[in-house]
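I have a structure here, written as structure tokens, and I will follow up with some questions on it.
Labels for the chains are A, B, C, D and E, by order of writing; each one numbers its residues from 1.
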């Protein structure tokens, strides 16, 4: 298993060296999540570091999305969900925080682009408006900045008032990223953000992530192991609701300590 | 490879295809049967009633003499009735649906309420008439006025409005609500700025269909004691009133006495049907238009 | 032009009225009362709503003799002892207003070509169990061997009671007699059944002569066909002739001017409209007496 | 708070949003009331049921003080207004069951076949015409059906069945059947369309014709949904009023003769309320007893349908 | 790109050598398929060989399933579908054949196991009964043989009359394979047959395919490139409704002639 460099031929995007050791932004301990009787997460102990890109991989149904959605408590939109254990965000108990507040700090991007049936402008301005920003001038600025950060500004600046549904899939996904960025989150959770996109769009979004991680901590779920290898600093491998392995991305792909990880990243199942 | 089973001889396939074609014909005729009846019914009613249909008939007052009779009073009565039914069912119906669909915790209470609404939708309309008679007409002493009729019919169609609105809310892609929630919106903010706007056309469709049900109802009004012979026009929700279906009922019953009444009943039926077709048609149109988008 | 007339009329007599008048009761009287109400609302008082229903005399009295009951109850029989008692108990003062004369009419199908006349005895046989008559041939061997389909109004109706008391002399009807709430149903049942026979007020026959035949009744001096001429208190059809009334809640008349006004109107106009709805008129003097009573009520 | 006109940096916006969030606003306090208000609205439906049950029960109990329960439920003679009244509900039950039975005989097969056609055979375009047409049929007020039954179907039937009376139970039964075709067709179609497409594909991939797929896979898989639609159809027919009130007359015969007039429970209620609804009499209370019976009957039907349909939903 | 042997560490299943050159069983020429306005397949020219395993790979939405379903004309169950071009099955025009007949020769296994809501026995006996076999003895034999071929017999022989829904996902998928085999098809089309299965079941089904290909030609769609590499003789790479490359599986993975293929099999998109 020494040939894994093949998985990420474009390592150009990765920041390899780090000068200071980063602080923990999320910390989950003995975290368990059930959907009714389905035990989706089992005793998850993970520490996610600030200003890193953390990738979560694993076969379908292993609990990747559930874990991600626990971090901003979106998992609770399903009323059947029960949670036990602890989860901290910046050192404070997130499971008992005000969700509205938590979520405005922890943004999320979904697998399928999900713009609102509104104009491009209103999509981006939605979050700031929610949080009480009404002044046109400020909103204009936020919209522009966010779209720029999402590398979408040039493509849409002339049609801000047309419907978001008119955009291509890749553009929609970047719009959703811009929408999240508009409220200046400190973390961005991304659940297979490129799996519905074409190669070119995928590449754009990957570049974008690399750009963003200067300001924002990113946690990304992906089923594409090469992607994980390309863009992440650290990777967690989930299986059947458990963390099999969590380590530097290089070590996960080059010298996994578990045979299961080895089998998975080499496509022997999943 | 040996093929021990002579599974598909040409003649057998031909026979199976023939059966299929014959069945298709039978099924299609069954589906067309409804359409056919609709056409017969409409032709029958038009041929009977068209000659009585005139501007005078539409704008005239009720009368026992067929040549003078008009249905303006019943038309106005229907409008006043809607003036009660529309706000009541909209507010209570959509409100209940939002509660049940978006706020209520899954549990015994919600399941009970939901089952209850389902069963309410299946209670014969005449039982609602008895409820209205006992509560609104007698106990609250409204008498047979628009308000009593309107509230009775509101209760009657509420379950339909609630269920339809719930379905509309449920059909809003979950991802839209998720997107809003993930931006830190409060529950009501998400409902107000994302879910309701998206669900609205579909909620309206359901509401219009339910309203047309209310417009066509007769049995509860008969029980409430809504008169058929009423000459003054109703001018508000505290006035006594009559409606188109009651007029049809009266004229159909008395067509044995005055043959021309059958024509009046038919003419009134045309008016009622055309209004309902317009209402239902617009609802179906709304639905088709918006269901393609989502 | 019409407007002007009614305007002067109301200026002369009472000023223009509003409110409602509730009339229920006899289905027999209904056509006459409906006509009166309609012309009253169109020609006299546009803002008064007169609502006429037809639950039947007995049913109507139950709605009339209660607190906040109807203002008028039409009746095809006089008020009964126990009903007067109820009125007393409820503290309701009741005034009987005679409107017109009706004749209890027996009708058969147009295609019935065998019945030329019937005697009261035969009618009793048809409608009661004791007569043991079930087929037309039981009355006359020459008539068809077909079951007689006897029908009539149900017990809500004064007509039923008149028939039960005056014709049947309180013998029970056969259970097979088809009793209906609506006269319209009876009309169509007989019109559609060759072997049917039914009874009701003359008005319902008069309006449906093209569908029904009236049976002449032989009271002993040869067959008499009911008609506006023979129906009279001393006419040839006198035996089956009965006055029809409307009963007024006097209290209501005192409280509500529109009720009193309408009461006067019907007394003045009943005779005019009796003929076209199938009733024989009553002597002017009888109406005048009641009118005087009402005028006094108004002056109180 | 940063001035609005000033160009705001990310951190300023972040601060502004955090600031706004910690603010106690009127909106936030109002929002906490919303669920409670909405709950009250939703509770109204429960109240309606309670109202219906309480009203029917109290008056029914009054009725049973005057008429023994046994007499009511086993009596074959109904003479509510007679000098010697009898209150047996069986004639009404018979009328109700017979008319609903006829209706189901018409609507069951036709509705099911139409549903198969719509769900399995019809092209999208054909369905887009037929379904709305069926919905229009379902939207026709029952009073119009009543008129149709009385002035068209009955005279038409009399040409074939001369012994048919002017008011009879056959014609309204048939028309009620027509009335519930759309309901059965539409609910059965829903059930069939809920059968996962992969089932059909599985069958088609084995070389089945559409008919074979429909009858061997789709209908059995949707069976409980279909049965539920039938039960709901019956329930609807049991409660139907105006068609029978107009076209079936008011004879309280305890017989089985389709050509004769029969009264249903609903038509009895109409007759009594339009005749004598004066409170206090036994006849008046009988109204509630009959309504209670009708209510119980339809409720049971609906519960059965619900149960069957739920079982169906559990499979997928 | 010389390290691609890594993709299929378990080549044990592959039959490497072929003595005679196999005959064409499917041949499509200038095949185009539209869903309404979506042009899903564009001028597909492919020849699929008898008694081989042909894999079809490509990113989501590229037309893999559409192509597969054209071969047994299941694609036509969607009424919006239009087809142009020619497609032959064993030398006869399949687009104008009687579908019922075609499909009894060309079996299909779907992504999600789709047993009928009947007993295990009735599921397998369904096809033979359709084709007029009623005799209990013959049916028993067919059911037993088919279940044996699908390597399921031992697991279910004692509960043939219990519902097929009681089986695990992997068992259900093998039941569906047995159901197809019961009418003795000459071809088996498989659309991502293992993507919903766990590693153990996946392995079983792969072994089964290897067993079956002695008698049956197999065309399999898979998103798992390692799987394609493991089990197929020949691989077609689809992109945007077109065939980018079609060759021996080894050459697709080792020396792809197109850069797109190279990018895809190396996870640079998809």
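Here are some notes:
Convention: a contact is a pair of C-beta atoms (placed from the backbone, for glycine too) under 8 Å apart; a residue touches a chain by one contact, two chains touch by 3 or more.
If you're wondering where the values come from, they're calculated on a predicted model, not measured in any experiment.
Path length between chain B and chain D in the chain contact graph, taken as the least number of steps between touching chains: 1. Shared contact partners of chain A and chain D comprise B, E. No other two chains have as many C-beta pairs in contact as B-D. If you average the CA atoms of chain A and of chain E, the two centres end up 35 Å from each other. Taking each chain's centre as the average of its CA atoms, chain C and chain E sit 86 Å apart. Rounded to whole angstrom units, the spacing between the C-alpha centres of chain A and chain C is 86.
Distance between chain centres (mean CA atoms), chain B to chain E: 49 Å.
Multi-chain contact residues of chain D (touching two or more other chains) are listed as 21, 207, 209, 212, 274, 277, 279. For chain B, residues touching at least two other chains, in rising order: 8, 16-17, 184, 186, 253, 255. Multi-chain contact residues of chain E (touching two or more other chains) are listed as 100-101, 104, 131, 183. Interface note: chains touch in the pairs A-B, A-D, A-E, B-C, B-D, B-E, C-D, D-E. Contact residues on chain E toward chain A in their complex (touch as defined above): 3, 6-7, 9-10, 59-60, 195-196, 198-199, 202-203, 224-227, 263, 266-270.
Interface residues of chain D, counted against chain E in their complex, comprise 123-124, 196, 198-209, 212, 216-217, 220-221, 315.
On chain A, the positions that touch chain B within their shared complex are 72, 74, 77, 79-80, 99-104, 107-108, 110, 112, 114-117, 126-127, 130-131, 176, 179-180, 183.
Here chain B touches chain E in the complex through residues 1, 3-5, 7-8, 12-13, 16-17, going by the rule given at the top.
Taken together, the chain D residues at the contact with chain C in this complex read 77, 79, 81-84, 158, 165-167, 249-251, 261, 271, 274-279, 281.
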